[in-house]
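Report on one structure; see the data block that follows.
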Amino acid sequence: MDFGDALNKALREEMRRDPRVFCIGEDIVLGVPFGVTKGLCEEFGPERVLNAPISEAAIVGSAMGAAMTGLVPVVDMHFADFVTCAMDEVANQIAKSRYMFGGQIDCPITLRMPYGIGRSGGGHHSNSVEAWFVNIPGLKLCIPSTPADAYGLLTTAIRDPDPVLVFEHRGLYRVTGEVGDAETLVPLGSADVKRPGRDVTVIATARMVHESLAAARRLAEDGIEVEVVDPRSLVPLDRATLADSVRRTHRVVIAEEGPMRGSTGAWLAWVIMEECFDDLDAPIARVAGPNVPIPFSPPLEAFATPKAEDVEAAVRQVVK
Amino acid sequence: MTPAPDRLLAMYAGMLRVRLFEERVRELFAGGRIPGFLHTSVGQEAVAVGVCAALRPDDYVLSTHRGHGHLVAKGGSLRGLMAELYGKANGICHGKGGTMHIADASVGYLGANGVLAAGCVLAPGVGLSIKHRRSGQVVVAFFGDGAANRGPFHEGVNLAALWKLPVIFVCENNRWASTSAHALSTAGGSIAARAAGYGIPGESIDGNDVLAVWDAVTRAAARGRRGDGPSLVEAHTIRWVGHFEGDPQAYRSKEEVAAGRRTDPVARLERLLRDAKVLDDAHAQRVRDGIVAEIDDAVAHAEASPLPEPHEALTDLFASYPWRD
Amino acid sequence: MTPAPDRLLAMYAGMLRVRLFEERVRELFAGGRIPGFLHTSVGQEAVAVGVCAALRPDDYVLSTHRGHGHLVAKGGSLRGLMAELYGKANGICHGKGGTMHIADASVGYLGANGVLAAGCVLAPGVGLSIKHRRSGQVVVAFFGDGAANRGPFHEGVNLAALWKLPVIFVCENNRWASTSAHALSTAGGSIAARAAGYGIPGESIDGNDVLAVWDAVTRAAARGRRGDGPSLVEAHTIRWVGHFEGDPQAYRSKEEVAAGRRTDPVARLERLLRDAKVLDDAHAQRVRDGIVAEIDDAVAHAEASPLPEPHEALTDLFASYPWRD
Amino acid sequence: MDFGDALNKALREEMRRDPRVFCIGEDIVLGVPFGVTKGLCEEFGPERVLNAPISEAAIVGSAMGAAMTGLVPVVDMHFADFVTCAMDEVANQIAKSRYMFGGQIDCPITLRMPYGIGRSGGGHHSNSVEAWFVNIPGLKLCIPSTPADAYGLLTTAIRDPDPVLVFEHRGLYRVTGEVGDAETLVPLGSADVKRPGRDVTVIATARMVHESLAAARRLAEDGIEVEVVDPRSLVPLDRATLADSVRRTHRVVIAEEGPMRGSTGAWLAWVIMEECFDDLDAPIARVAGPNVPIPFSPPLEAFATPKAEDVEAAVRQVVK
């Protein structure tokens, strides 16, 4: 099953299980552009699969209004880039309402955030914006890398009584993998060791998990055993699993796709420092995009895209 | 249509309650008892009360930065509200919200809001859930004349109109957005007129006439409950006091406020009730005394209540709690 | 008012240039020569050309994700545009922008935009600078029928109307926003009708009639230059092709497109010119041959041009450069 | 002269110097609520001091339209919290246009961002959001702590040909200090040692500079000499001055007001690691707000507000 289908399966099952769950977004009836919501309208009807006008603020805002009064909305942001058009609704309303209201009103919203570089999407359709939301108290945030995790995390997100952002890298939708038949939930705050290894810990998210695994295979040929750890959720963060790995390997590379400056990778580096400063045998190395918008032309876009060879180079640097 | 005398009396008491509550809050603020950026609704009571009188108890309200009156009118507990304004532990939001971010779910008051026009996009979603539950409720989104110039007004009205959601958009046009005059902010001059562009009714009414407000919202609510969709009501009113407590009001003349006071919505309904012999001096005094006692009680309660423990700043963020982060 | 024959011929050539350019681009995309998320404007040529024909060369245009036609009509270099679509180093944006983020400052084309309705709020600012410079220019903000439902439409129109800025808001209503039908997105059904709420003229016109577009925008531009403020023009047209290249168009019937093709704006003006004896076979062929030659040249240029060096991804970010960060 | 007046002086001088400079924002003619723009309309008229309707997207967007075509706008965001209402204009338009357009069009905009905790402003009027913008390539960002820096940085920002965000802590407006009579510009990318010291480097911004100085005075009584370094601009960042200090002291505390998670402080910790890993004699300590929205009630707000005593405790920890 591919990553997109795994997400579709999660949506379908949760909509079957709980009549309060509904989807809202642009072009979701036909599932354009990524196919994730395909077929849901046929099964659940247009009252639960709401094709909205191009009104991001109203889409996200009305999801919140619905969530505050008993429904369980799943918003499709179309491209995470456009969350800018609903930033107040996410940052000031959804994130803060439960807290400001003294816990009176829950806000069980899931925001699906298709994001990432690829296929010359250019400056407005390629960005990694998860770092902004890590910095906003009141939001939970997960970021799957495999179909099984996509299924397990989206299901968990929908059932969670709090707002959860699910960052779906659009380059992963057609990646395939096993997805359990029964409900194989992935709790928030549980990292996953995607590959064990004794020499270096690579902490990577989403597409960079796959790039890191590719790098690990190459490095293994040179006898360097890389452990690839996927946090899977950034908020809450499974510090224990990350720290446990680092305490064994003593060397760390952090790989993400977004821009280097002020990103989640920089924050994860801090977390590792905080947890394991004395365990580090070398400075942490980071792999991330350069501090520019994502350019259009293929060679430029490729330059701005962190890849397996960048992870490989970083690992070689920290084991030196 | 005119409501029955007891409902008129209730509206009168409602407006007086808002008036006296806000005036007390102003005093308490001036005396340093209440913290925060405080916006009161003195002079605008007819809108809050006219709207809420036309609603069912289970209907919803989304409010603004100037929201105390809406909550009092919706039937919120004065104790819970006053303790919250004081920032006390047993405030309705445990002191986390305060004047601009208070909510009282028990009366369908889904929150004041420090961000202007935010409620305009929340409202359609409340409408969706009403529709889903077939509960026959409606939701009111209050917003100011200034807030009407923000994008969420447009997006929210369009969505509610498109999906025929039971939303009533109520613009409290008090002519000013902080220091900015309505005429210098709003092209075309009329907010109600914008409704036509969305194919929904838009009505401009005298917001100092509680009956006009009640009437317009009664019709809008009936329309919403019938499934015919949203309405826009622009209620013209006057803010008697500063934009915020402490506002020197350099932007407007003393005459404007003086003229405003001559349209006092409370006095106006009182006159009507007296003329109709529904109210006499003794009765009026009883109503006032009752309200003053309620407010005194709320203040005493708030004064006597403890402040929250500092570390309680860490609670209430998430429903599934706790975890290290 | 009807323009002189030479201007009509120029509009005819302009539309044909857009049509043939877009069709070539589609072929090149299908052949794998052009990357990106491609939205072409085949069928909508009368809007781009009618608008730009009514503008001065120094007037500004803010465009959309479907912007090639606007740039061609505004007089942008086909070489620069085509090389940019190819992602080549000598593209007008050095390959950084591409189809959805191209700009050509030399002809006042201030950018395509990957964010819908973004131009609606940029436009008033361009109007401010025009006013400051007393240059008598105007600025056009293009946006789609879908984009009209975003907040920036409301905020931009209100601001431009309020400050009487020389802005022309041009809605290209092609009935669809990707898979979503206009009628299911836009409450009230008319975008032009929304203008009244802001006290500005709003006109709904046949966007497949280049003369109707030209006429409406000529009047809007005159109004803007006079200092009377913005106008809103809703031009009804039809997108003959998919929303993006590769769109299976499951959301609409083949008949709809077939009907659309019968309103071909290029053929329509051609008929008019032929009837008026301004154009004959030989002349038409010369016009077409000239355009094909231009496009061939642009393609040859783009094909022959080098791709940028990868590290050039690091240039052009800031005007004051470089610095370590 | 106070911090607010210093900003006013910068605005006034730049508007005198360059007729293309204009101010736009809500209630700026009377300078409500912080008085920074007071009196400008009297001198420059309503054509250059534009009181805008409550339309943040149009305010910021039209500033960009004006900047692209020859003007030099200075936007007053009123409260930085409301940048959420113009997030697309900042993140996707202003930050990216020059780059995406291949350098054809400059975007000389200054965004003045009054921000920060204080006086029970509550969840919608108290936030530190600078971390989001550090993560957005294409924006420059400065954050003054003194009247002189406020004057020098705002002047520089207005003259800069690129978009610059100036974060003005609203608790500092009435802080006084010397402001040079002549043009005493502060270039972007130049950190300032606010107090020299040999034992610990405290890197602090805005209000936390003052808290750190207070902590340093107390610690000096115990013989602990704290060096307080104020980066003053975050993008570009003066890594050299920060690293130079750390190489002398070998111990670092980073102090900011915003929430702990994914913040600028986490990123600065990474920068220090990258520059001076081998110079560190102790793990970096951080002082920041807890990961909650800013609560209203005074004791809660105080709890959420990092203060001198927090800096002091952190310093004692790293010198232990």
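As written, the chains take the letters A, B, C and D, and residue 1 is the first residue of each chain.
Here is the rule we go by: contacts are C-beta pairs under 8 Å (C-beta built on N, C-alpha and C of every residue); 3 or more make two chains touch, one makes a residue touch a chain.
For clarity, every value in this text was computed on a predicted model and none was experimentally measured.
Participant: Work out which chains are contact partners of both chain B and chain D.
Facilitator: Touching chain B as well as chain D, we find A, C.
Participant: Starting at chain A, how many touch steps does it take at minimum to reach chain D?
Facilitator: The distance in steps between these two chains is 1.
Participant: Please indicate which chain is farthest from chain D, where distance is taken between mean Cα coordinates of the chains.
Facilitator: C
Participant: Measure off the straight-line distance from the CA centroid of chain C to the CA centroid of chain D, and report it in whole Å.
Facilitator: For chain C versus chain D, the centre distance works out to 40 Å.
Participant: Mind checking the centre-to-centre distance between chain A and chain C? Centres are C-alpha means, answer in whole Å.
Facilitator: The answer is 36 Å.
Participant: Distance from the CA centroid of chain B to that of chain C, rounded to the nearest Å?
Facilitator: That pair's centroid distance is 45 Å.
Participant: Give me the residues of chain B that touch two or more other chains.
Facilitator: Chain B, residues with two or more chain partners: 91, 93-97, 101, 113-115, 149-152, 155, 158-159, 162, 184-186, 317, 325.
Participant: Which parts of chain A, given as residue numbers and ranges, touch two or more other chains?
Facilitator: 53, 55, 57, 81-82, 84-85, 88, 92, 96, 99-100, 122-124, 137-138, 235, 261, 290-293, 295-296
Participant: Going by the touch rule set out above, what shape does the chain contact graph take here: line, ring, star, complete or other?
Facilitator: Basically all the chains touch each other, so complete.
Participant: If you look only at chain A, which of its residues touch chain C in the complex?
Facilitator: 26-27, 29-30, 32-33, 51, 53-57, 81-82, 84-85, 119-125, 261, 290-293, 295-304
Participant: Which residues of chain C touch chain D in the complex?
Facilitator: 60, 62, 91-97, 101-105, 110-111, 113-115, 118, 120-133, 139, 151-152, 155-156, 158-159, 162, 315-320, 323-325
Participant: Which chain B residues qualify as touching chain D in the complex?
Facilitator: That would be residues 35-37, 87-88, 91, 93-101, 113-117, 146-147, 149-151, 177-180, 184-186, 243-244, 250-251, 307-314, 317, 325 of chain B.
Participant: Can you name the residues of chain D that touch chain C in the complex?
Facilitator: Spelled out, the residues of chain D in touch with chain C are 20, 22, 47, 50, 52-53, 55, 57-58, 60-71, 73, 88-89, 92-93, 96-106, 108, 137-138, 140, 160-162, 189, 235-237, 239.
Participant: Inside the complex, what are the residues of chain A that reach chain D?
Facilitator: The contact residues of chain A facing chain D are 81-82, 84-85, 87-88, 90-92, 95-96, 99-100, 122-124, 129, 131-132, 134-138, 235, 258-259, 261-264, 266-267, 269-270, 273-274, 277-278, 283-284, 286, 290-293, 295-296.
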